[in-house]
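Below, subunit A partners subunit B and then partners subunit C, in two separate complexes.
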Partner chain A sequence: MPGVEGFMYPNEVELQWSVLIVLYPFLTGLVAGAFILASLERVFQVQAVKPTYRLALLTALAFLLVAPLPLQLHLGHPERSYEMYLTPHRTSAMAMFGFVYLWYLMAVLLLEIWLDYRRDIVVLSQSTTGWKRLIYRVMTLGSSNIDEHALAIDERVGWLVTLIGIPSAFLLHGYVGFIFGSVKANPWWSSPLMPVVFIFSAMVSGIALVMLIYMLVTWSRKEAIDMHCVDTVASYLFYTFIIDFSLEMLDLIHRIYESDESFRSLDFMVHTKLYMSHIVVQIMLGTVAPILLLALTQVLKLSEMARKRIYVLAGCLTLIGIFAMRWNVVIGGQLFSKSFLGYTTYKMGLITREGLLVAIVLMVLPLVILWVLVKLLPPWPEKSSGSLPDAAPAH
Partner chain B sequence: MNAFKDAGHLFRLAAVFVAGGMAFVGVRAFLVPKSFGQYGHYRGNAMAEIAARPVNFAGHQACEDCHADVLEKKKSGKHVHVNCEACHGPLAKHADDPGSIQPAKLDTAVLCVRCHEANIAKPKTFPQVVSADHSSGLPCDTCHQPHSPAITAEETTGGKK
Partner chain C sequence: MNITRRHMLVLLPAAAIAWKHVLAGTPEASPNYTMSEHWWGMLIDLPNCIGCGNCVRACQTENEVPDGYFRTWVERYHVTDYDIENPHVDSPDGGKKGFPPAKEAGGKNFFVPKLCNHCADSPCTQVCPVGATFISPDGVVLVDKTYCLGCRYCVQACPYGCRFIHPKTLTAEKCTLCYHRITKGLTTACCEACPTGARQLADLKNPNDPIHEFLKTHNVQILKPYMATHSKVLYNDLDGSVR
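Here is the complex of A and B:
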């Protein structure tokens, strides 16, 4: 049979989880990572990253709105795929999705954004006209009280929401890792380290994405990039990346030392079918290269332009590497037989329900949503946005 | 009292959440199928819908009723326990209307290697060949009769002694 080597059980020949299931952990990882970066400023008082705070929150929201779409497309029944939100259940990790998603969206992200932007929303509801005014007035919930006492309450409640949000962000992506890590029938996935690796890789990808978006948006607005901010974000990216890489290597060393009955088969797969995506793209290009680039900026005194270029390159490589990590987990886990005697091939469709074109659209869609959100809720100080005559950030 | 007034927007937000929660419960009651949870965490009616699907396989007995000659031939060979539809495919429609619906002619060069292509993972006692070396792409039924595949001495010598 074409694409099949050795012995595969009949139900293993065709992959059930496609590129869309690769996208799902990638997108939720970006959400969790972006939110954790935002929490640095709010909870841990890292003032240097303040310029990215609101942008990180909006980025998290834009990607969170798209994150479940790959799952719904994968389910294949548009007339009833929405039921995954309506019928969450505790008996299955996958059926928990509705609880985890709605908690994070409604109780954390929307609440924090609303509290942080409330002053701006009230001011905009008074200074704009037409349909924009209507939108802002709805968003005020009929309350235009923005005196200092009310804003102080917002600040305290917002801090509390962020505090709850940090474990929630860990839960959101730890949950995704748990889904894979708890599949005991699959030795490529079954590892208690999986949720932890997923959380740290999420932080890495989210920080890299917000750093890139901040640099791109600031550059496109023809404003000066706050290098102190970007240097600080990059240093967090570097340190988080080292922890992430260490955890992945720990997992690898553990597997090599343990050498259970699956090891020879998985080792063969990594050196053949997964060589390009795992060794070359994920480890060399997407992990070692950006860590070395970021290390350069930590040990050498480089010019501002050199640092910017390195950050952009390292950020892009990081995102490619984390995507490759998701790919290798999801696709790699389905390429070998449970008999450990055979391998199959993943053939991705181009213009199919779960093909490349849909995956590209789902990757671009969050950026379009982010653009709309940025237009609606400008994340930068009012003096340069020109849309908030009397407003200032609420904290 | 002032603190209560200054937190007024939060009470409005709480009211929105309560209203949203109630709307969710209402929408859920409307959208979730009525039979959901009848037997477990799935739609109960799905069982009846699946059971009502047409059956595609006729079953061994239906084949034997008409093809007694093939049954006799199979009895003497190693394929005696292989169901007809394992090779010929689902044929319920043919069993219902044998006159107008005929099974497709099988290409034994493709069909037989599904089971008999050599593979180290298969039990050593299972008959298997490297088809490219064994038959150079010739259909297997050039030499073997699929209903009783062992080649007899008579077939090997063309009936001469």
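Here is the complex of A and C:
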């Protein structure tokens, strides 16, 4: 049979989860990571990363809005997906998806963004005209009181929401890891470390993305990049990356040393079909290289320009590496037979429903949404974007 | 308490949802059949299997299984005497048209029919996000096609590779143990078509079923016992190399 080596159970030849299911953990990981970066400023009082705070929140929202789309496109019957809300199966990890997603979207992210931007929204609803005014008025949700007392309450509630948001972000992505880690039939996935590895890799990817977007946006606005901020974000990226890499290595060493019945099959797969995406792209290019680059900035006293270049390169490599990690988990976990006697091949379509083109659109879509969100709710400090006009506090 | 129109507006959708939940786990009805009196499984008497593929063909005809997908299939094992942990296995077109003569000399050859194991603790049922796949009270793992989302999580969760997504309905498919037949007192299509009696439908709850005597007197095993799925497809004389 073409694309098959050795023996596969006959129903295993065709892969069940495509590149869209690779995108899903990648996107939710970016959401969770971006949110955790934002929480550094809000809850842990890391003032240095403040310039990225609002941008991180908007990035998380933009990616979260797109996150369910690959799942919907993948379902055989997307029109039935609402059943997960009406009759969720209590023993299914996947059944919780809708609830975890809605909780995170409605109770955490939207609420926090609204509370943080409420003053700006009220001011903009009074200073703008036409359809923009209408949008901002709707966004006030009828709450136009921005006196000191009201803003103090916003601040306090916002802090509380962020506090709840941190475990929620862990839940959002740890849960995705659990979906894979709890499949006992698949030794490539089945591991209690999987949710933890997913959480740390999420933090790595989210921090790298926000760092890159902050640098890109600031550069495009011809503003000076706050190097103290970027240095701090990069140092967090470095430390988180070391934890993530250690966990992944722990998993790898454990598998190699234990060498259970699946090892021979998985080892062969990593050295053949997954060699490029796992060894070269994920481990060497996407993990070791950025860690070494970031380590350079920690050890050496480099010029500002050199640090910027290193951060951009390390950030891009990190995102490629984390995407490769998701790829290797999702696709890699389906390339070998559960009989451990053979291997199949993943054939990605180009313009099919679950093909490359759709995947590219789904990767670009969050950036488009982010652009709209940034236009609607500018995250910059007021002095640089033309100060928001003062509005008389409404009563 | 007076039920007002406002109450009705709240109660009716809630009742509809509850009723839907009840119906979701109900297999198709058959008169004069009491589910609680049965606990179905299957006995595969491996020394009797000749790899003719009759069972695969009968299943495909009976259940309109699309080409290239299998509710049941037959594997041929070739185990050499110097590497018993790494058998050579083939199953051309699921063994539907039988097998060509074995190429390998030495060692031993035997056939292993496979199908859904109708596990009492089935991982596929556990992971289904909406409960579209369920275990009927008589021990058969079934799929409600009108309810299945086609998320494919059950296909991933099955340790035996028994599930697939039907290319037309885009829902999960698998062996139903010919539920439409066994609830009418018939045996499954594969058992009926087997010329050597290597496949026997077994009612583990029926004290008069010959399976009980067979289990007492034969070396009967299940596939992948370490998966702890409480499989109900029982293999007589199962070689340790089979997976």
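As a working rule, the second predicted complex is superposed on the first by the 374 of 395 C-alpha atoms of A that agree within 3 Å, B and C clash if a C-alpha of one lies under 4 Å from a C-alpha of the other, contacts with A are read in each partner's own complex, and residues count from 1 in each chain.
Going forward, a residue touches a chain if its C-beta (ideal position, glycine included) is under 8 Å from a C-beta of that chain, and two chains touch if they have at least 3 such contacts.
Note that the coordinates shown come from a computational prediction; the quantities given were computed from them, not determined experimentally.
Asker: Applying the document's definition of touch, where does A:Glu83 land relative to subunit B and subunit C: first, second, both, or neither?
Answerer: In the superposed model, A:Glu83 contacts both subunit B and subunit C.
Asker: Once the structures are superposed on A, label A:Asn11 by its partner contacts, choosing first (subunit B), second (subunit C), both or neither.
Answerer: It touches subunit C, and subunit B stays clear.
Asker: With both complexes overlaid on chain A, does A:Gln298 touch subunit B (first), subunit C (second), both or neither?
Answerer: In the superposition, A:Gln298 contacts neither subunit B nor subunit C.
Asker: Have a look at where A:Thr91 lands relative to subunit B and subunit C in the superposition and call it first, second, both or neither.
Answerer: Both partners, subunit B and subunit C.
Asker: Could you look at A:Leu341 and tell me whether it touches subunit B, subunit C, both or neither (first, second, both, neither)?
Answerer: In the superposition, A:Leu341 contacts both subunit B and subunit C.
Asker: Can you tell me whether subunit B or subunit C touches more residues on subunit A?
Answerer: In the superposed model, C touches more residues of subunit A.
Asker: Considering only touches as defined above, state whether A:Leu141 meets subunit B (first), subunit C (second), both or neither.
Answerer: first
Asker: Looking at the overlay, what does A:Val183 touch: subunit B (first), subunit C (second), both, or neither?
Answerer: A:Val183 sits against subunit C, while subunit B stays out of touch.
Asker: I'd like to know which partner A:Leu75 touches here: subunit B for first, subunit C for second, both or neither.
Answerer: It touches subunit C, and subunit B stays clear.
Asker: Just which bits of subunit A does subunit B share with subunit C as contact spots?
Answerer: After superposing on chain A, subunit A residues 7, 83, 86-87, 89, 91-92, 95, 339, 341 contact both subunit B and subunit C.
Asker: Where on subunit A is subunit B touching in the complex?
Answerer: 6-7, 82-83, 86-87, 89, 91-92, 95, 106, 111, 114, 118, 140-143, 145, 147, 149-150, 153, 157, 339, 341-342
Asker: Spell out the residues on subunit B that touch subunit A in their complex, using ranges where they run on.
Answerer: Result: residues 2-3, 5-10, 12-13, 16-17, 20, 27-28, 31-32, 36, 41, 119-122 of subunit B touch subunit A.
Asker: How about subunit C: which of its residues touch subunit A in the complex?
Answerer: Residue list for subunit C touching subunit A: 17, 20-21, 24, 68-70, 73, 75, 86-91, 93-94, 114, 123, 125-131, 147-153, 155-165, 169-171, 227, 243.
Asker: So in the complex, the part of subunit A that touches subunit C is made up of which residues?
Answerer: Residue list for subunit A touching subunit C: 7-12, 14, 16-17, 71, 74-78, 80-81, 83-84, 86-89, 91-95, 97, 179, 183-186, 334, 337-341.
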